[in-house]
Amino acid sequence: MMNELALGFSVAALAKGVIITLVVTLASSLVAIVLGLIVGLIRISLLWPLRWFGVAYIEFFRGTSMLVQVYWWFFVLPIFGVALSPWTVAIFGIGMNVSGYGAELVRAAIQGVDRGQYEASIALNLPRLTAMRRIFLPQAIRAMLPAWGNLLIDLLKSTSLIFFITITELTTASKLAADATGNYLLFFAVALFGYYVIARALITPLVRWLERRFSRGFVREAQA
Amino acid sequence: MSETIVGLENLTKRCSVLEELKLGIARTEKVMSEPMVRFENVAKRYGTLSVLDELNLDIARNEKVCIIGPSGSGKTTVLRMLMTLERINEGVIWVDGEPLTHMRKNGQMVPANERHLRRVRGKIGMVFQHFNLFPHMTALQNCVEAPISVLGLSRQEAETRAAELLDMVGLSDKKNHFPIQLSGGQKQRVAIARALAMRPKVMLFDEVTSALDPELVGEVLNVIRKLGTEHDLTMLMVTHQMAFAKEFSDRVCFFYGGKIAEQGPPDQLFGDPQHERTRQFLSAVLEAR
Amino acid sequence: MDKWKHGPQRRAIQSGIAALVVAVMVLASLAGSASAQSLLEKIKNGETIRVGFSNEVPWAYPGENNQPLGFVNAMTTDMLKKLGTTKVEPVVTEWGSLIPGLQAGRFDIITGGMYILPERCRNVLFTDPIVKATDALIVPAGNPENLHSYQDVHDKSLTFATGAGYSEIALMRKLGVPDDKIMQVAGPAEILQAVKSGRAAAGSGAYFTMKEFTDKDDSVALVPVGNNYYSGLAFLPNQQAEVDAFNAVLKDYIGSDEMMVSVGKYGYTKANLPDGKTTAELCEH
Amino acid sequence: MSLWDWSYVWQAFPYLYRGAIVTVEATLLGFAIALVLGLVFALIRQSPNRYISTAMAEIVEFIRSTPLLLQVFFVYFVGPQFGIVIPAWTVGIGVLGIHYAAYCSECYRGGIENVEGGQWEACTALNLSPARSWRAIILPQAIPPIVPGLGNYFIGMFKDTPILAAIAILEMLQQAKNFGSDNYRYVEAITMAGLFYLVFSLAASAIIQSVSFWLNRRYHLQ
């Protein structure tokens, strides 16, 4: 009786954990993508102070452990008078950490655009902004999408760390459920499978779809 | 003016007696008129390596100049400097009577800023060896992008003009194709249309047939030939197509070791080269055939 | 590479900066919610009070709908009601993060049932004791190593599991147990697992907690050890007024029928009532 | 209470030092496993048998898309239920190694597939044995380009070691927290732990770059 109750309770908690994991993944992905794009552009800016800021940002967020960063945001920053809610820390802590990696992807992809494209833009006298927006970014985005797919899967996985800042997401929920029922095999297997499904059935197809959208003109099937 | 010169030159072919005299007049005419492009003591170095030194070259309005020479002689650099793809180390480049690389400020010549460059650069168009078409845009989109954002044309107007240009290069049926769906010759013709869409006064062609399969070279050269006869365009082209240079150009420049080793009308340069290096180069090229 | 130094245009940079500024402002506004009200005022105004604890049955743990369960939470809820609020929000964290969490303003009161110990008194303010507790060891059923005290664990140089941040760590170090024999795990569930899987010869924690395990699980047995400890609610060092208010309520509440009804279901009996030791004495050693 | 107190910095040093040794040891051992196992994964994936290579690809995908923390929990807690008790240290290093082996295998695969087909044809034309082709021709071309990629995973693994604290391995972050709970001062220890991660990552990436540079020079690839 007791065990059935605990099981029912645990399944409900697990479902809630899945939803929390999804929400945090989605929100921090948005943060990571937006900041990654901005910092990536700043990183190759014409002005050296901005460029240096970009380098420092990227090196800082890539150089230190995400867990250390999240822990610092959550437990140390309030001592300096800035108390962010656990959700804010989770979304921005993870998002900003991943944006450091994302910015590098953006930079590499833009710098990887064929030099001839740059020369053609000059020959056509395109303004820099237009050239970036219309010529380089579309090509760079296509080139960096597969790497972003991997990065977002990494992001999904790292949401398991927000257990340390009092949010009960999927990993924690499965741990609590396993602790309560003693059935570690069942609940951990369910959680592992849950992450796998989110990655395989949600993130990968989404990125593939975007790749197809941005592939116009790059593969022969994409006939107009 | 230039028609007069061409007329005079045609005449000289028949009247050998007058040849020296007429050529002299023609030369005087050119100096008198303002050149479309002028390189004045231009030098280009990469570190300590000198690519071009003391280049002085005037190109008249509507003149068709071909540049030939062995690889590494600096011939492509000339076009790239004119397109502002390379910064020059010394000298001044003039386009249409005003400085391109410099501007006047308080009576002094100072290096041009971005605004000045953009304004003067608008008179120049360039076609590249490797096409450099925008791969994510159709042929038509390639040709309307810059006219809309740089010339400020309405989309409709830009598309009409682009369609005309694509028609002129013989690609009206390919305008909705992406570059990857086109052959090399077709790509290069789109690139020419794209450059023309900007209404340039000077067109630069940088080895535009070198990346093409031999059977596709002709269609591109035909388009260029047509441009030369039907439009008022100053054309400057780096090429390995000696036959085309001979038939098409008003003047041929032979580059060697960062200098113009020899220049002159094609008949003279190909028929009776004065410079030892020119002879060696021409015989090597012809032997390879 | 040089080419891209000319890459992004001024407008892109400007909008980037604008976005950053907005982001920072959003962050700051979220941060700025720390109110000027004191905790006591918040309680009197009936606002929500956040209680922090780690998941430890029967002391303090979250229920099915995230309601605060356990006897410390039950007592805290009763006392808060008397002071003016019925709204309590639980914040569950690891044991080791309780004091940093309090310092960081993650919650207002630690209701994990922390023992009143001199070194802790320097960093948090304790109310008067609310419970008298002892430690206990859990060992595999039948107690194969024949352990009856912490000293036994030390003498037989066995591996011993306890929670990271638990007071038992200092105790064992004082006995001379080397660090590599002290297994620091995240919480009670891990202590139980460590003993059950044989990774540790014994685990230790509060008697209440360990008894909960041995009642449910036949494969482990209970060995009461150690001295009496006294737990209180913990506040920030500058919250003397709050502590005084709680102590005033506690005077009539402790041992009352009302309290015994609230805590009885968690196994708290009259025997667990504090015996007159004061917090000042406990802090002194 | 001051915000930052240097005396706590010095006091925290022994804790951090002990933790740092564990962290570095775990990283080095885990990475050794990842390098070897990753190559094995990559070779199995190249298997001509389609079922084997597909299965391997799916396993790699699975390992890569589930959190390391959960994998560590799984091995650590589920094993004992079936009487398999693996010491925490072995679990930690093993799972870390397997997790990153999945990443490294992708890296190896990329390197091997990047060697031009013409090189294999040249080996055939010169009648080299397969073993000699691999050793003398293919690997010297395949390895140097992937050194930076492998290096990134090395640094990534280093930064993942705090997860081992969940199974009672006292790595650096846990030691910093322990110092905090012993002294009730968290700012200094946690900040210093963060700093050490940063310094180590920067140093490691500098070393990786020079190794990569040296390899490229050694094999005249650049």
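A, B, C and D are the chain letters, set down in written order, and residue numbers restart from 1 in every chain.
Here, a contact is a pair of C-beta atoms (placed from the backbone, for glycine too) under 8 Å apart; a residue touches a chain by one contact, two chains touch by 3 or more.
Bear in mind that the values here come from a model prediction, so they are computed numbers and not experimental data.
*Asks:* Chains touching subunit C and subunit D alike, please list them.
*Replies:* A
*Asks:* By that same contact rule, can you tell me which chains touch subunit A and subunit D alike?
*Replies:* Expected: C.
*Asks:* Work out the mean Cα position per chain and let me know which chain is farthest from subunit D.
*Replies:* Relative to subunit D, the chain with the farthest C-alpha centre is B.
*Asks:* Just to be sure I understand: the centre of a chain is the mean of its C-alpha atoms, right? Then which chain's centre is nearest the mean of all of them?
*Replies:* The most central chain, going by mean C-alpha position, is A.
*Asks:* List the centre-to-centre spacing of subunit B and subunit C in whole Å, with centres computed as mean CA coordinates.
*Replies:* One centre to the other, that is 80 Å.
*Asks:* Express in whole angstrom the distance between the two chain centres, defined as the mean CA positions of subunit A and subunit C.
*Replies:* Distance between chain centres, rounded to whole Å: 33 Å.
*Asks:* Rounded to a whole Å, what is the gap between the Cα centroids of subunit B and subunit D?
*Replies:* The mean C-alpha positions of subunit B and subunit D differ by 55 Å.
*Asks:* Taking the mean of the CA coordinates per chain, how far is subunit A from subunit B in Å?
*Replies:* 49
*Asks:* Multi-chain contacts only, two chains or more: what residues does subunit B have there?
*Replies:* Residues of subunit B never touch two or more of the other chains.
*Asks:* Quick one: which residues in subunit C touch 2 or more of the other chains?
*Replies:* Those would be 97, 100, 103.
*Asks:* Counting only residues that touch at least 2 other chains, which ones in subunit A make the list?
*Replies:* 75-76, 79, 127 - these are the residues of subunit A that touch more than one other chain.
*Asks:* Would you please name all pairs of chains that touch?
*Replies:* Going through each pair of chains, those in contact are A-B, A-C, A-D, C-D.
*Asks:* In the complex of these two chains, what residues of subunit B are touching subunit A?
*Replies:* Result: residues 83-85, 118, 121-122, 124-126, 128, 130-138, 145-146, 149-150, 176-181, 194-195, 198 of subunit B touch subunit A.
*Asks:* So in the complex, the part of subunit C that touches subunit D is made up of which residues?
*Replies:* By the definition above, subunit C touches subunit D via 96-97, 99-100, 103, 119-120, 122-124, 161, 164-165, 170, 179, 183-186, 190, 193-194, 196-199, 237.
*Asks:* Name, in rising order, each residue of subunit A that touches subunit B in their complex.
*Replies:* Per the stated touch rule, the residues are 114, 116-117, 119-120, 122-127, 130, 134-135, 138-139, 142, 214, 216-220, 222-224.
*Asks:* Please output the residues of subunit A touching subunit C within their complex, sorted ascending.
*Replies:* By the definition above, subunit A touches subunit C via 9, 12, 34-35, 38-39, 41-42, 44-47, 50-51, 74-79, 81-86, 88, 92, 110-111, 115, 118, 127-129, 132, 136, 164-166, 168, 176, 179.
*Asks:* Can you tell me which positions in subunit D touch subunit C when the two form their complex?
*Replies:* 1, 18, 77, 79-80, 85, 87-88, 165-168, 170, 174, 177-178, 180-182, 184, 186
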